[in-house]
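Can you read through this structure? Questions will come right after.
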């Protein structure tokens, strides 16, 4: 059956992609959690597996025997309604299950799920597998950024590999694209997969605005630093100002100055800063302060979605001014799967676009990513808007 | 000159109103800061005075001599560009200046400002005095809620006075008012005073919705508690769930159970809970969880503003679903006064309405109040919306 | 009866002395608790009163009616076996009972206790009153040092009064007194009052040592600072080094440098540092590091007790090398009074001597004071020992 | 040359012993640091190696090239005078160097040191190597207890191996041995290796006392628990009481109750509690509270040292009442090696004896171990003393 075939292919590819991302790692790299936001790679590999076991195999696979009775406890992330979870700050304190155990667990679940798909035509299952695939793709992006954090905060600055390119310079020239005021439709209208938070297609009224066709570069960001941007309290939110004081923040994450030369840690190791590459690893707070300094502003997520056909995007997740909130008529899925998105809709900012770490076909113009405003370990970036 | 007269009258009344609010206090009550969000009453009295001194007298009053060279340091709240402030958590560690010193300071500044107004026709000054008056009115509301916290967390439960009524039962019957979908105008269009965050009149597109004409009552909230609302993780945001676990939160602030009877601390002292009064002292998190439990939702601030003519409001600040963000074309005032609103536009939720603690004429349909989602010491409340 | 008369006189004088210490205060000064180790003066006044009420009147005064049912809760310090106490960090959050209430409470308890003493000859009561008197005298010392902290950390540097002298220069010349090795007796052998921690007279064997007849002066301590004493990790305990790094400690408490001139906050206000006065407000950590820098050491408490007849003491509590431990045959009093000393015998260092803040007749050669090694708000000092 | 031979043999055995201790580990177990007191096993392996490199090879081996320029930074523990160290709480955040890198580092340093020893007769070097050997033996003990913590706090309760026995029951009958009052000599008088903190042989005067020939057993400790020992504040130090309240402490570390049966995690995995085995993994606070409950007390370190010939010891480190302080005439080694012991002589309690985790020949009657009073992850135990 065609649908199953495609789904199965997609499922198997996703499973092997996750493992390929981890291929350059040493076993030790799989284990640690240097900050609370970064999870150990072996946890990602186990958690995405548990998702398929918990929500599909345990329910739909006849006589399914769980791989290990305690793994649900170890690999649950935040599904409070499913049971007690390992507190997020403790994930890096678990040396067991080992990496090898986790790969066995993966194989076990992958093959059972493959069997289930091959003998089954239940649309409900297909839908859940699709969610599981997209869930795992999200974690692939986190895997890359978490690996970068694990390696990039090590005093030995080990590299991930020699091929992952994250800082291409763009040679297009900068200009502002004007969007006329009017009523626009927002939200996902297609028939492929999307998350519940993109649904509820609805209209919004926008004023005229002009949006840059290009991301802010390292060079432009350096001008902000050199103009004492980090020292001028008037540019910053009150909470941001406390954050830069307490954390002694003076530049984006992963920037180092050695003998007066600026370097940036990348997945290929420590490299001289490329002035023409788009700035990355900045918080919303920094993106906002930069925009204030420029006398411009960040786009709302609606302005971004309406304008996006007119510029290239996908290298950096772009901070927007929009707080992460439900769309009109947002419906949470019932039960534990309803915990996927809705419960995070407070105190976070929406990012739009995608990044060099995003798996192929995993983002789209309506995709809504979200993070707390101080977080920087994703490949975040910044695009400006002018009012006319 | 008429304008000055009115302004002067308004200024003098505002100054004496603040002092009247404090009249029932013992000197000791003026001094303490039991939690970071609550400031000592003498700090409010000094800070509102400093505002007039710093932004008006020091600039416009000829040969003005500051009352005390260190008071700018002691009474600055968060104007980073003005100078080093006493860190907010330290306000309760200052026994000096004494309450009596602060009242002298008030008299000194009030009389100098009165003199300035009487001999001056500078519109710029009038505008600043107007801001200062509204600033002080905002602090009058905080004074009342901070006093409530100071007294209500004392094991002796002292009362504030015998007359302040905060829990009237409403006898109107509950119904939902339907607002048709369409384009509506938002923001302040009048000619009187408003804050910069209300400006930038703009249009928004709303779907049809139905909004309750009545606030949720204690009785309704008790049903939520009795139905284990505080124990069902699916109703809560992830951060809210952590908050109720860590703080062992099981009811609104100021609720006490003694011999199985529910009591509420009020400014008149400890009283039996009035089931028909609107619930108050709840966080956004609790308001949201309640709405989820009801299968309904909170209004956006736009929905509230459009519908507000159709219901009575003003007893409780009402939590909305809207994050506090700038309106289109929002312009921050230049310099330190620009720190008034804009720098708080992250991680806060908008409240609309006003409360029993709001000074007369201090709120209006476009007024945007804002607090962090976990805060409860204001007279907050809750009104529901249904989609049609 | 003579004993009662003396005891009553002593009781009444002690009660009035506490109030005299507070006479220069403003009401606001009675209320705050800027750090956890410093208690609000009104708490000291109430707590010493509660001690007489709880341990004597409630037990021995016929038909005694407590002044207020909740005061036992508010004014208990750490007697866990008596009931729930106000957590020490919360004492500064209580504006009620007011200062005036506390003075009424004092009068009530003082007069009831006076009546009890006048009509009673029970030795058990006399003994408890004696403990209560000494307990209150201890708090008189804390009152003075807590008041100094409250005023000395205020940006306005208010003075306490014009007469309290804390920094007299000594004009004796420095020399070392040698004590021969031998067996010495330690502990209180008299018949007057002493604390349980001084009892258990016992012998100790001491090596020969030489002890200075003079406390280290500000001038000597400045040499240590100027020689980078605070920057040389080899002089410090590991925990001390963390403490000076985290707290950015560079000099004793209350030292300020204004226009390159050293000042010290004193109870008479801010004064130029007197180089010949004994250094004070140093932690054990600093005393130890200074001794290391000098190539000498601190005395043990036994060395101090044996040598003390040979030098003048009483201006500064002197840090010793001895950890606070029970003497051989130490017996804790039964019940709540047993909580007085024994439960603190861990993680504290013994200080010997007394200070300018110690009430008359409240110290003696065997008196053992004790504080955590990082604390500095007492009038602490430093005397050196050389081995021969 | 004989001395070198013995030293070399001892050196090589010590090096291989450390690696044998780690042989049962998975690579993942080498990496994590679940609490600040527990270091990752690979850190222990690297740090003991760095000690030989830093203090011997770098100084005495001609043309010695360090294995890696950054390892001094990664593997320094607390030698502040040597350079910036990786903060102790960050050790578990380092996935690199890998375990395999660390073993290579070990081989490199071991073989260079072997070469140095074979061609050298410098007594200074011999002395330093001897210190390095004993330093590594100390870390062998920590390796075992840290491994136990890493595995014993994992929800899967993996075992270390099947042979490590930690809970033998003693079949000797309990009795008290009386030691007469008198003057006794304390400190190391032999000619073999000892630490600087054991030197300064000196006399102490002891009162008569009786000390148990047997450690307290699990059975006896259970009686304390069953008699509400953890709920009676009068038995505890004030800081201990806060500690058990805040940490919800109700039994020794590693005790679990499953279906009303008591279990203990051991290096052989989860086992039923053996009532006749000596209690272990208790803090000083618990040892003290137990002694109070029994109406007895802990020995001082001097009492223990004088009496130790009369009983069997070595299975448990035994808490004493003595604070860790310098002996009379204690001399700190100059420079960084002086940081070995002296800088920890505050806020710690002395333990005497040794434990099942102590390497052969690593303890002796004068050996002084020391830990903070709340720590429990060592194989600690408890022996009582009665005064006569």
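First chain written, first letter: the chains are A, B, C and D, and each begins at residue 1.
To be clear about the criterion, a residue touches a chain if its C-beta (ideal position, glycine included) is under 8 Å from a C-beta of that chain, and two chains touch if they have at least 3 such contacts.
By chain, with names taken from UniProt: A, B, C, D = Ergothioneine biosynthesis protein EgtB.
None of the values given here were measured: they were computed from a predicted structure.
Looking at chain C and chain D, not one chain touches each of them. Ranked by how far their CA centres sit from the centre of chain A, the chains are topped by C.
Annotation: 57 Å between the Cα-based centres of chain B and chain D. Centres computed as Cα averages put chain B at a distance of 45 Å from chain C. Centre-to-centre separation between chain A and chain B, using Cα means, comes to 36 Å.
Chain contacts: chain B has no residue touching two or more partner chains.
Shown here, the protein chains touch around one cycle, each chain meeting exactly two partners.
In the complex of the two chains, the chain A residues touching chain B come out as 78, 80-81, 183, 202-205, 207, 233-234, 236-241, 284-285, 288, 297, 321-323, 325-326, 328-329, 335, 338-339, 343-347, 349, 373, 387. Within the complex formed with chain A, the residues of chain D that make contact are 26-34, 42, 70, 73-74, 86, 90, 92-99, 150-151, 153-156, 158.
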